[in-house]
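Common to both upcoming complexes is chain A, partnered first by chain B, then by chain C.
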Partner chain A sequence: MAASVSPLSSRSLLSLAFWGFWKSPGTRWLSLVFVILLAVASFSGYKTYQRRLSVIEQAATLAQTNRTLQVASLKGIEDPEAALGRPVTKQERGRARIQRMIATLPTSLAYSGGNFNALLTPSPMMILSSGVSDLWPDRFTITAHSQRKNLQREDIASPWQLEAGVWDVTTLVVYLLPLVIVAFTYNVLADDRERGTLALMLSNPIRLDHWVLANLLVRSLSAIVLVLPFALIPVCLAYGSDQFQTVATSSLLWALLVAVYGLFWMTVSLFVVSLGRSSLNNGIVLVVFWFVLVAVVPNSVAEFSQARQPVMSQQELITSERAFREKAERDGKALKERYYQQHPEVKRPSHEQDQYNQTHWDVVRLETDRQTQPLIRKSLAQVNARYGIHQWGMAGSPALACKLAFDDLSGTSVGQHVEFCLRASEFDEEFKTFFQPRMMSREELTLEDYDQMPAFQHQTLAFERDATMQGTALLVLLLWTLVVGTVGYRRIQRRAHTA
Partner chain B sequence: MSDPVLQACDLTKTYGSFTALDNLNISIDAGEIFCLLGANGAGKTTTINLFLNFISPTSGQALVNGKDVTRHPLATKTELAYIPETVNLYGHLTGLENLQFFTALAGLRELSRNDLLQLLERVQLPQTAIDRRMGAYSKGMRQKVAIAIAIAKQPKALLLDEPTSGLDPSAANEFSQLLESLRDDGAAILMATHDLFRAKEVGTRLGIMRAGELIDTVNASDIDHQDLEQLYLQHMRS
Partner chain C sequence: MNGFRNQIRLLALLVKLELSYLKSERWILLSCLAFCLMLSGELFLTARDMHEFRAETQHAESEARQNWLNQGDRDPHGAAHHGTFLFKPVSPLGLFEPGLFPYSGTTIRIEAHTRHRLTNRPAENAVNVLRNSFLTPAALVQGGLPLLLILLGCGMLARERQQKTLPLIRSLGVPWYTVVLGKVCSLWLVALGLSAPYWGTLLWTQLATPGMWSTVNVSQDVFLRASLLLAGAWLYLLCWSLFIVAVSARTRTGSMAFTVLLVFWSVTTFCLPPLATNLVAISSPLPTQEEAKKWSDRKKYGDDSSENIFRTIREDLEKELLAEHNVDSIKDLPFNFDGLYMMAAEEATDEFAQQDADQLARLMRPYERAIAMGSYVSPYLAMHRVSMSLAGTDEWHHNHFDQQAEAYRRHLVLVVNQADSQKETPDALRGAALWEAVREFQYQPPSLTELGAALWIPVIVLIVWLGISLTLLFTPVDHFS
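Let's look at the complex of A and B:
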């Protein structure tokens, strides 16, 4: 035995701290439970993503097929197999017949669903963060009906989610990762003092502050490392697609945010450990910190934003729309006359062309829509303003900063859904600007009209964002980490050698 | 003559108006066992804690191999080993794992499993206990693991705080033998104890403390058990 006693290098200190931690009772069990929870949440996120993607793709395919059949009909191609260039089922033949019938009729085409959609394609990142995607719509069928009916979907909110809350990897990271770090670190130093091993330990050439830091770092990183592999799931799914680079960057940012968030909680533990209390006291104080930072502050921000920026309810919108509609129905005749006066370019249809007085109902809907539209925009602006308050609240809560940044990365934030609704609203307006004159004149549609028809581009808002939200969240997290970490480290540094 | 390994120069520790240690001056050479005797609160543990730099002196110096422990805390600890009154190790680790952990903490990471087993053999830890969790160890067995840790460090100075308290006579005897072997290896040993018999058996010099002061020092070879007891009681009564 030729070895001699010497102070440990940082690497040796970290490796020894890890060895000791990994041998501690409960460490492996807690890690395993956490990983199982993350795996379950990932699987659930994956299933939701696949389901949503499938619905969006089906809607897009149906619209495309209908369009092909309609254009083919105008070109005189009656056989659906010739139009689509593939064998068709009996059911498809029936649908093709309907498309041929409505292909030239603007009113029928505009009122029938499935031809025009506003679709929000999900990003694979939503596997990690479902955000508000279960509460906000990701597809609208755009028709000649009122915009409120098109854009206000009451059937979106998942009863399960409303009952049980969101269950995704992000929720586990924001709420549970800090608790795992607390469970791993609450007894650093205190445990050695309580066991009576601290004196024997400090009779060796190590500094107490270095030992505490090494333990906190190793234990926090162990918790963080359990989460990081899950960031690879969206990357694997996007591999080989056009989205790969964006998804890879988003995953990297997601992992970075998780790491910094975990390190923030390490500094909270450092601060509490530096107070020099018992394991039990440390545990209680850390859970209080967790409760305040993860639950109280974000909920206070939500309450404040609700009080500061009320949002119009759907009930109010429906009531208003009904009132507008009743008035428009009363004034229908005058409104129709005014329409033709204000639009001399629109040819008034003959009695034969409009034998059921369809133009009357069209003009009523047009007027109802004209009056309801500002309310819809106002409602969306109110939601956006409330979201803005939440973004300010990021400064006061690292948990909120992380949650908002994660949702934004996944394209499932409130802001992104509001943006999608606004784009759908614009598309609805564009659609009506195109169809209204043709409906009011009841002239048949031509191939030229089909060329000019508006189309909603498939959007995946997660791919359009910049990194402002993530940058802000990182800044907030780093500032909190720096402040809490400095205070904690200074306190523990004063006791570098004392047992 | 070589410099003393452990040296206290006017070492004083006060807590407010209470003086825990008053102007202590001692020198302990290599191969010497200095036993500090005294009642509870006499300042024995304070002296050891000052040498370990667990507490800072109010005045004076504690030196290990000529280096002030407050100025060179890490350097002096490379030359020290310590065995507390109650040896508490990690109950969820085995004896071997505890030895591995504490020797690694001392920077002895290159010790092989064989080296560690030899150390446990030297302190006569039963073979069956080596891979058993520490929670099931008796006080004597825990003490042996602590001595193995101390031996592994090959210290120039060894600090012992009431090491035989609570040990049965056989375990205490084995402990004394190990202590003598460490002394023979050239370590300077400072032992705080209530056990006059054990102090006389293993000690080279004996210091009697009362109320923070070292009031008497005798060579162990110059006094027999009975006289030591008389002297001790006399000092305690006065």
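Let's look at the complex of A and C:
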């Protein structure tokens, strides 16, 4: 008799599941709180992005203004207003005077800050994921000082904030979205059983496995859908810019990863629900799963990476640099002689041209840098190797896979910051290769020199994505979802047959 | 007397029953084992990191001192610029609560004219991608363990109620407080067992092998701090045990208790710290290094409305000294004018640097205040603050080091500037004698008594929280049955 009754259509089943979900206590409140938290995180991300962008733009503008004033001075334009084509303040006039004074002096120009920078323009995707951008620098002033000093990270930050961690949309997605899905789904089936409505429901033409799937899908998608609109914020901000297409693609990928990550947690719920325990037990087991996947595994990966790949400490770097410098100062005379012998094209300055023996200090710095630079790069390579271990580790935790992919899409990953520092180190070398002969000869700079001056070429590094990383992260998420989902579904199917 | 003994016996029986139930659940045993392993591993790795860091710091300190002493015949003013580096030592109790240490600078450059900030945070190279994941032994005990206790304890009374065993026990004449005390004791015992690697190591380092982690002898102060840290951890876990059982007692079902406790834990332990500090960052953003540099630059070099301070100092000093010594040129002065000018200029720049440091500290304060406010509602934050203060890894201790580093900088600059001012006299210090005249930096950590309010307010919060939990717990709620 029961076989003759046609089963409920998928649409009706989903509507029924949605109705049940919407009417369950606390659902709407929890959704509202989650959305408010997401909105706060987005606003916080937006403010951080705006502030960083403004700092980078200010640094670029200052360097550009200085360059304009220097070039104008070489062309014989002394008036800063004429050079800049706008009225200037008294303070700017003072600065313009300094720029005019140093325009032809290679040593003064190379030692003064604000003229040459390595800058990392933030991507609007940073609003969604600020990654390690609070710990790693996004700008360096490149001068004739030592490379270690130039690449010194000195950003002001509250240790309280650094310790508490970032509060961005990605943090909420990685940590709280699973908890929201757990809260929405832990009592699927168990609640019907505990209230005694399961038998009544099964007396209708509803298959148990379909009922469970419909409920889990509705509840998980309800949580996922709350997050997805936030992916549009960077797209709106990038609208009309050169990077619009890149940001739009990144945003789309971000949304896809969020959806798959949410579905993964749905399959975890499916698996736990299939165990047929009480709702309390389901909740407990799900929270254990959550803690293992978002805390235990990522922690273990972090600890393993630190144990496996030591990174040269800053103490060691400072000590080594001081020792190199001490030796270079002792050998200064010989080093200087050797420099002029090895660079016959560099004209040795007269005593009048070099009355303070500045060339001695320049050659000391050159020697110190020559020995320190490999250490700096080695230490960056070591950090990168640690990051590489994390990329392997993401196979063990969908949360880690998601976080790595999100940071990479947002241009705030460890890998991108290390790459930026390496590029900055290369730029520092390029800068000194250009200035060192001019500083050693102390000849005046010409307009032709200004045309040849190096400039940092990697300002848009934050917009570059690592396709392999994205692909691997997506694959990891899909594999986890598929495996856990299949196991859970098979179990629930078996239960459906028994029921 | 017999009645009391019976009560104790009854309590012991209830604890035994509860523990045997917990033991019978396989997932509980597995989770507890996994937690213990994780905590032990975390302790081992943190100890190793701290040990390495300490060794590197000591090596760097000694190298920096040698570098200073081996300056040969460098010009005193050149030496003031060459300066040195100071390295923040890791606290003897840092293993048990790294606190803000990984997120605060650990090296500081010491030189004339400029007061540098502490830079190089150990966390920068650590590559912790998921930073909110309880990465330290203290975070595991203070944040992770309560979650496990919630999972173990949320159903303790609700389960009895649902299985109708609670009215049965009560009908046997077992008082309410004995029932709940039995649950609390068993949960607390589990908590103590799970955190045993933490407090066991703490006890072992203080009692069995003092000084094994460092060359620093475990002083009475450190021992007192360690004892308080231990007592604090036990009290904190007791608070959670009481609170969990109280919530379990006052909710109709285990699911409801689970939901309430999970939400409470998520909000107070997980969401509140980053949310509070990030909201402060929106309302009171910190200056960039460039902006902070402009503060003193403006005071030093003047702006649209002021003059270069160095010019004024030089002119005033020149006038004063020429008049005092009755000569026409600074060359005729019986000492090096430049050295004296440096000292006068340094006084002015020190003052500006102090103003800037104070201003930055003022701007930093809202972040600490946000955490302090958060600790009124979050036991996790209250305990975290207490343990950081005790372990010497909070911002207050960081600033304490910074102040001593600044005092040392002033000492170093004063000694070399004095030598510079005397450079044309026979008594002037030169070479090795001058470098030796600058004392070696020895950081003196503050004593426990200096902590004051930083310690007591969160302790009071914990005690209040304990009181609330006790009140909730010992009010019988049989009517749910």
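Basically, the second predicted complex is superposed on the first by the 480 of 499 C-alpha atoms of A that agree within 3 Å, B and C clash if a C-alpha of one lies under 4 Å from a C-alpha of the other, contacts with A are read in each partner's own complex, and residues count from 1 in each chain.
Rule of thumb we're sticking to: a contact is a pair of C-beta atoms (placed from the backbone, for glycine too) under 8 Å apart; a residue touches a chain by one contact, two chains touch by 3 or more.
Computed from a predicted structure; not experimentally measured.
Of the two partner chains placed by the overlay, only chain C lies in contact with A:Q314; chain B stays clear of it. In the superposed model, A:T197 makes contact with chain B only, not with chain C. In the superposition on chain A, A:L16 makes contact with chain B only, not with chain C. Of the two partner chains, chain B is the only one touched by A:R207; chain C is not.
Residue contacts after overlaying the shared chain place A:E303 against chain C, while chain B stays out of touching range.
The partner that reaches more residues of chain A, of the two candidates chain B and chain C, is C. Of the two partner chains, neither chain B nor chain C is touched by A:G471. Touch criterion not met for A:P229: it reaches neither chain B nor chain C.
Shared interface residues of chain A (contacting chain B in one complex, chain C in the other): none. Within the complex formed with chain A, the chain B residues making contact are 49, 52-56, 73-75, 77-82, 84, 86-93, 97, 101-102, 104-111, 115, 118, 146, 149, 152-155, 159. Within the complex formed with chain B, the chain A residues making contact are 1, 3-8, 12, 16, 19-20, 23-25, 195-197, 199-207, 496-499. The touching residues of chain C, counted against chain A in their complex, run 27, 31, 34, 38, 41-42, 45, 48-49, 53, 56-57, 59-60, 63-64, 67, 70, 72, 85, 87, 99-100, 102-104, 106-107, 117, 119-135, 144, 147, 151, 154-155, 158, 253-255, 258-259, 262, 266, 270-271, 273-282, 285-290, 292, 303-304, 360, 364, 367-368, 370-371, 395, 398. The part of chain A that touches chain C in the complex is made up of residues 26, 37, 40-41, 43-44, 47-48, 51, 55, 58-59, 89-91, 132, 135-136, 152-167, 171, 174-176, 179, 183, 187, 278-280, 283-285, 287-288, 291-292, 294-296, 298-300, 302-303, 305-307, 311, 313-316, 318-319, 322-323, 326, 330, 379, 382-383, 386-387, 390, 399-400, 403-404, 407, 414.
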